[in-house]
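Same chain, two partners: chain A is paired with chain B first, then with chain C.
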Partner chain A sequence: MTTTGPGLPRLGTTLFSLTLEQRRPGRDLRSLVAEVAARDLGPGLEMVAFQSLRGWPRLDDAAVAEVRDVVEGSGLVPSCLAINNDLGQYPGRLLSDDESHDYVAVQLRGAAALGFPVTRVGVETSPAILERLLPLAESLGIAVGVEIHAPLTIDAPPVAALKELFTRLDTPLLGFIPDMSSSMRAVPAAVHDAHRAAGIDPQVTAVAEQLWAEPGATAEKFPELERRAAAAGATPAQVGNLKMLFTMHGRMAPERWAEFFPHVVHVHGKFYGVEQGPDGLTDPSIDWPAVARVLVEQGYTGFISSEYEAHAYSDRHSAFDQLRAQHDMLAGLFAAQTPVAAR
Partner chain B sequence: MGPLDDQVVRADALTATPDGLDIAVHSHWYRALPLPSLARVDLTVDGQRVDPATLAVTVNGHRYAFAELAERGDEYWFTTDPVVLHTPVATGTGREHRVQLLLGLSIPYILTGPDRVPLVAPSSTDKTLTATGARP
Partner chain C sequence: MFDQYIVCEEGFRARDDGRAGGVVEVRMPYYRGLTLSMVEAVDLVLDGRPVPPADTTLTVHGNTYAPDQLGRTTDDRWEMGERAQLAFLTDEPLAPGEHDVAVAVRLRISYMPVPGGGRDRKRLTLAS
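On to the complex of A and B.
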């Protein structure tokens, strides 16, 4: 079993990692969950409700019973249900605050009915809506976490507003969900596969990567990206693809995740590829030793969901194999740390 | 720009019907989306553009005119289900067609720019495929 010791973060998997696997003939929720369990990729189980649950956000009683049966039968532990605040659900307008609140509230009730202790929303869910949702979260005993995903960093204004809210309310039911996309040290190799497939000249990709690695805020780099990419021969559509590289992969120093504590309710172990290096398993684009140090130093004992996302770029690697490799790598890193409680 | 793009129009996507060519389309997004998210369907068959106003779309067992989708924000297109575009393009079993599709999915939770407009995620297809006969 790839379990971690007491006082350490617990491992898990989000079914989002299996986005391509989900599309294979004969696959369903039960078979995906069963395979996660059989491959010892728990104990935590996360899923994206709108991805995995037909009928969401309004599951009938039979569907709730079916999902509970799938999860309980697997022996995995529900860790987090990713829900969405679809502000642009209707064309030409955004949901009002009341609609937004109600849309998320329905999903909180649904997540609680399924037995999930934590839900994930995005930063589009405003501090005011989160504060309004707190009484419901308290009555359901479910936490609401705001995912901090690239291009967000600790320095982004919406993050400062959330930190102020979480500090003021100081409740374990509202907090952050760090996603390692915000703190990457290199552009993943899978991006090269996708760019080649899209006909983007490797030299153009190299120009964008070089700019990505330079200091400065992501949004401020776009005009320079357009200039350099056009000079290197990129088409406007290709510039759009190159911009994704900047919005999907952030460059915050991983040590700065410490500044999100103590208001962290869950962690996304986002990654794009773990490989065998000279010193064992390593991730070229994410500094996991630094991340593991922060989590252990902060006394974090919640789940870290392994979230393989290279499938958005490439199907070259098996997601199951990649999850295995990341679990083994993380288990080794955590085992090498002394839990704060034991010091 | 990823593996799901190649699955938007699969090898068995074309069906010949007495009313025209049906094209099964899968989503290149990872999660279910409200029906208005099917915001842009730029379709060209055998070099002829197909006016969206002439399209009907079957999703969740219901057939809608393309414009009606915009009014169905409370209904969702599930991750693994195809939608079927019903086109008036004349066809027959065994006929080959070149299908060029620019599918633009409006992503309701990713808002962009100062006006907070939903991101439109494009996927481009250009395939020549053979229509099979409609199932009885």
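On to the complex of A and C.
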């Protein structure tokens, strides 16, 4: 098994990486989880509740027993269950605080029943709601992690508010889930594939990418993006694709993940393609050596879920092969470092 | 995301209720299931001509909804990867052979800073 040594982050996979695999005819959760285990892509196992669990969040006892049996039988270790706070589920208004709290609370109970130690929510779950959820999380013994995904960075006001909350409450049951989408060094080639497929002139993509690489916060670049893209001949619909390029890929320096510690409960190893380079496996869009250094220096021994996302844009890679490549690359990077505890 | 999988290559067919029009199978451009109230629109352009939303229905695992019913439907979910049937009316029966089918799905995902959804366009051959 591709395990990492004591005092180092542990590897794992989120079934999100296998989104397309999950909808293949004849594929079910049991066979998918078994294949993840057989391909040695654990030990951590994460899944997206609203993706992999039909009927979520109201699973009956038989469904809960079935999922537990699938996971336990695989030998994998439940790492995190991604849940959602659908604030916009009613047209014309957002959920009230009470509705938002209750919507997440049901899912915390469901995640605990399935044996997951951590749940993932997004930044739309406010600090006030998180604080209200803490007593329930304590009674269930389950952590609630807020995913920091592009376009969020350490400099975003909602992140500062969360940091203040986590520092004040200082509990292992509330914290961040860094997602490497926030700290990318290049736009993935898979996004170029999707833009070509959508009929976007590669020169228009290049104009957007040039602006992407310039300093500045994402939202502040949108007016300039609209101006430059229109001048380059993009249609309004294509400008929508270009904005996605900005919101899905952040430019934070990976070293700044250190500022989220010690309040980190899980990590998303988001990636879009690991390649064989002259010096071994490498990722053109994410600086994994820098990420690995931060995680080890911070003494992080939780899971990092490999989260392959290029399948959303391109079929240029096999998801299973990519998970294997990222596991091998990360295992090598972690092994090359000395755990903090051993220094 | 997943835009290229919205329009299914199989299952494009004439309506089976005797009225002029057809059915195209569609998937949601998102990584997870969403309550139907979060599906703002599933717009169809057939051979370059927009089909009025009122002339379409969306059927998800056997449950059929008019576009103006989707926003009120919080107890049914379009699952990830699930093929829904977008049925539509036309003035004349569909001609045999190939058609240009473009579908735009708009989703209301509260945490996204830009409107969610996606577009796809394929040449489909009408099943005989």
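Just so it is clear, the second predicted complex is superposed on the first by the 343 of 343 C-alpha atoms of A that agree within 3 Å, B and C clash if a C-alpha of one lies under 4 Å from a C-alpha of the other, contacts with A are read in each partner's own complex, and residues count from 1 in each chain.
Here is the rule we go by: a residue touches a chain if its C-beta (ideal position, glycine included) is under 8 Å from a C-beta of that chain, and two chains touch if they have at least 3 such contacts.
What you see is a predicted model; the values in this text were computed from it and never measured.
When both complexes are superposed on chain A, chain B and chain C occupy overlapping space and clash.
With both structures placed on the common chain, the touch criterion links A:A63 to neither chain B nor chain C. Shared-chain residue A:A186: touches no atom of chain B or chain C. Contact with chain C, but none with chain B, is seen for A:A219 once the two complexes are overlaid on the shared chain. Judged by the touch definition given at the top, the superposed model places A:P151 against chain C, while chain B stays out of reach. With both structures placed on the common chain, the touch criterion links A:K243 to chain C but leaves chain B unconnected.
Shared-chain residue A:Y90: touches chain B and chain C both. Applying the stated touch rule to the two superposed structures, the overlap between the chain B and chain C interfaces on chain A comprises residues 16, 19-20, 22-23, 48, 50-51, 54, 84-91, 94, 122, 124, 194, 197-198, 244, 312-313.
Residues 1-4, 7, 26, 30-34, 36, 39, 70, 73-74, 76, 78-80, 106-111, 116-118 of chain B are the ones that touch chain A when the two sit in their complex. Residues 1-5, 31-35, 37-38, 40, 71, 74, 79-82, 108-115, 119 of chain C are the ones that touch chain A when the two sit in their complex. Per the touch definition, chain A reaches chain C in the complex via residues 16, 19-20, 22-23, 48, 50-51, 54, 84-91, 94, 122-124, 151, 194, 197-198, 219, 237, 240, 243-244, 247, 312-313.
Across the interface of their complex, chain B is touched by residues 16, 19-20, 22-23, 48, 50-52, 54, 56, 84-91, 94, 122, 124, 194-195, 197-198, 241, 244, 311-315 of chain A.
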